[in-house]
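Each chain gets a letter, A, B, C and D, in the order it is written, and its residues are counted from 1.
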């Protein structure tokens, strides 16, 4: 398996991250990054037990050293392997609060995961993505998960939206810098509530199949971004459930 | 074949339209609309001769009566058939010129195809799309082909961009109105030069495989929009070649 | 008064148009264009009776010949006069309706005022604006009045928003083409309900002084755009009342 | 002078900050914040020597304690004074570099001034702005200076643009949260090169009066934002020189 291309997913939890990992595991060994091993252990077993290959690594994306350590382990596990895809799905805490009740630290906590974490991850992943450009069947792909707050900054959302706007800026700059080097960078605006255990109690009077976003469906859209030809890169998509008002 | 869902492509020419028709013909009988029968005759034969089903209808999308006549023929040919997809790919003339040298008629000519044509087409196609909602495996889909000029209005481009901005507004309004009824409406910003016979002489010093957009690759992206679950509709994508500056 | 610069306001009614005319009449003779003379007659008297100079001309901006006739009269009345400012404030009918209940003509009616009218007006006004560039104290200014629907296209708003998006595209293209020639082109997104006789009955439970936009206040902002130095052109502003949700 | 409203400018240097301070000093005592006293000392003397009132306070906006200390001094100097205007004009370092040559610290350095500094400043200034709402003639105003990189994130600009996008998100959230409380929040996209000592050598073959933005002209636009009625708040403006390509 030495130099077979791998996929790396940062921010694996019970929602989008896990679905993305499962989807990309159909084609690549996948690396699962999450701060808490509980976030990836079951998934790791599930993928390894069903014909795929997965390894989980406990990683705090907000911490440069932690990310570097994770990528050192990746290279130990998959020596010389290029990356086919790297998906950054981590997000800082979402603190909905009046601005004067927030602490500067709320902004830092949000930014240090969503944006600085994305910087750490991209700096570690891009060399592996670049390594795969020549031989890859599909263009090596770097995807960032955004949110409504990546493009609209509502009242009470400042600590979250400042960080998400920043991540979108990162994605756009990287898309422009690395496309000429063969890397496909894309940003996804997830505009709606994702149907995950944590949101089970939301909208209980409404059909979750049309009012909530399916995590597997996001994953499928990410795969289709990855599958795009270099003659037709999409750099930003929005994703919302059928019944979303926007 | 009475009630099998069909796909309808308006604006079939040697580029995106033909590619889209070929792609959707793998799954549906396709209707090819173009003003000039020369634009679709070869394609019609090609699809019919390779296991698909296509019919071409000479249609001027800028003319309401002509569009209504075309849809009357469609219903004759495919009685009771719902539409699985309707793709509006027509565009008014692109007149790059100083504003004071343009005639009001240049604006009208551009708008009456790009925007009014899209209105005529959508009003005829939406009832057929709605008819298919309940039984369709994939959400019935209405796609509009946009351009860089749909979101950026440069100097000398006013007659083209006014019409393309308008079409994007149409797409966004229809997306919001018809999603709750089960229709997936999407707008594609084609940001770059498409590799078609007409652009063969452009960028001859550059690799067309990375500097130009592949029409087949646009078609594949359109298909993937169509294939999206109702739990993850994308309403706008941008598409550009790897080497595009933006 | 032969060659003193004039201001021309298209779309004079009881709201923004009248306020803009009054504001610019403090510095320039003003020309009031409206289809119906009742829309400008009182204002014309008011301005002429209070130390200013105004002439009203019945004009249908959607009709090229009508606009050309109006500008012929302007040149008769103010021979050789350059234009200091031209404000396009006309807007097509606002038909809030489901798309399948609209007629193509609803789109045409909206577009032929908002966009084609803006083309007619700009083609007639720009030569007069250009004539004033060298001697003008303030950069000759062309302003277009936009709306929420210039940047957001909600359900049921398609006939209005297609036209308003188009007008914004026109403004942006003209801004880029004519700035190097010394003309300041700006677009104003009026995002809220203007406090005019027609909206008197709206929001009666709310304070009109904070929930509605003041027409005089829009006019003041337009004047400040006009007053901007060529070292700091603003090409787009949004305007909303303090209590607006957006 | 006890309770006369004051204006506070953060990021006073030889360009926009100084011009803004001079402009607002015509109406209010002004507080000049900059890290290095050399940035404000001459200006402080100039304003105090020409009939105005100014005090400079050495402040590192990236440091919460430093900002709190500055506002403590402000309240000592102007007991009970409300703020009429607070302008955040500080910006992190602009490091144009390939992404893989940047250090995570480059992102942090940029963000901690542009965004976190804006948070510190806004949290200290908003209570003073709110204090003035009832009696103020002009709505208390909070303005953020943005840049081209606030809305477009080019290659090599990631460390700068991530921070500037974030600041714009902050401005939009605060605009929505504090307008109902009477505060006018605005964001200015400065799209071009400002004519300041540091840029003297740029574009030497071109007319600086049309190719560069005048700092005094930015200041005048900021004043006009401040002067807007609560019936017509503008929340975002772009500012560029006549000859800018955009």
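FYI, contacts are C-beta pairs under 8 Å (C-beta built on N, C-alpha and C of every residue); 3 or more make two chains touch, one makes a residue touch a chain.
Chain labels with UniProt names: A, B, C, D = NAD(P)-binding protein.
All values derive from a computational prediction rather than experimental measurement.
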| item | value |
| --- | --- |
| Shared interface partners, meaning chains that touch chain A and chain B | none |
| Target chain D, source chain A, minimum contact steps | 1 |
| Most widely separated chain from chain C, with each centre as the mean of CA atoms | A |
| Computed distance of Cα centres, chain D from chain B, in Å | 46 |
| Where chain C and chain D are represented by their mean Cα positions, the distance between them in whole Å | 31 |
| Rounded Å distance, chain B centre to chain C centre (Cα mean) | 34 |
| Touching two or more other chains - residue numbers and ranges from chain C | 176 |
| Which pairs of chains touch, using the document's own definition | A-B, A-D, B-C, C-D |
| In the complex with chain C, residue positions of chain D that touch it | 139, 176, 179-180, 182, 184, 195, 209-210, 212-214, 217-218, 220-221, 224, 227-246 |
| Interface residues, chain C side, partner chain B - complex | 64, 98-100, 102, 104, 107-108, 111, 115-116, 119-120, 122-123, 126-127, 149, 152-158, 161-170, 172-174, 176-178 |
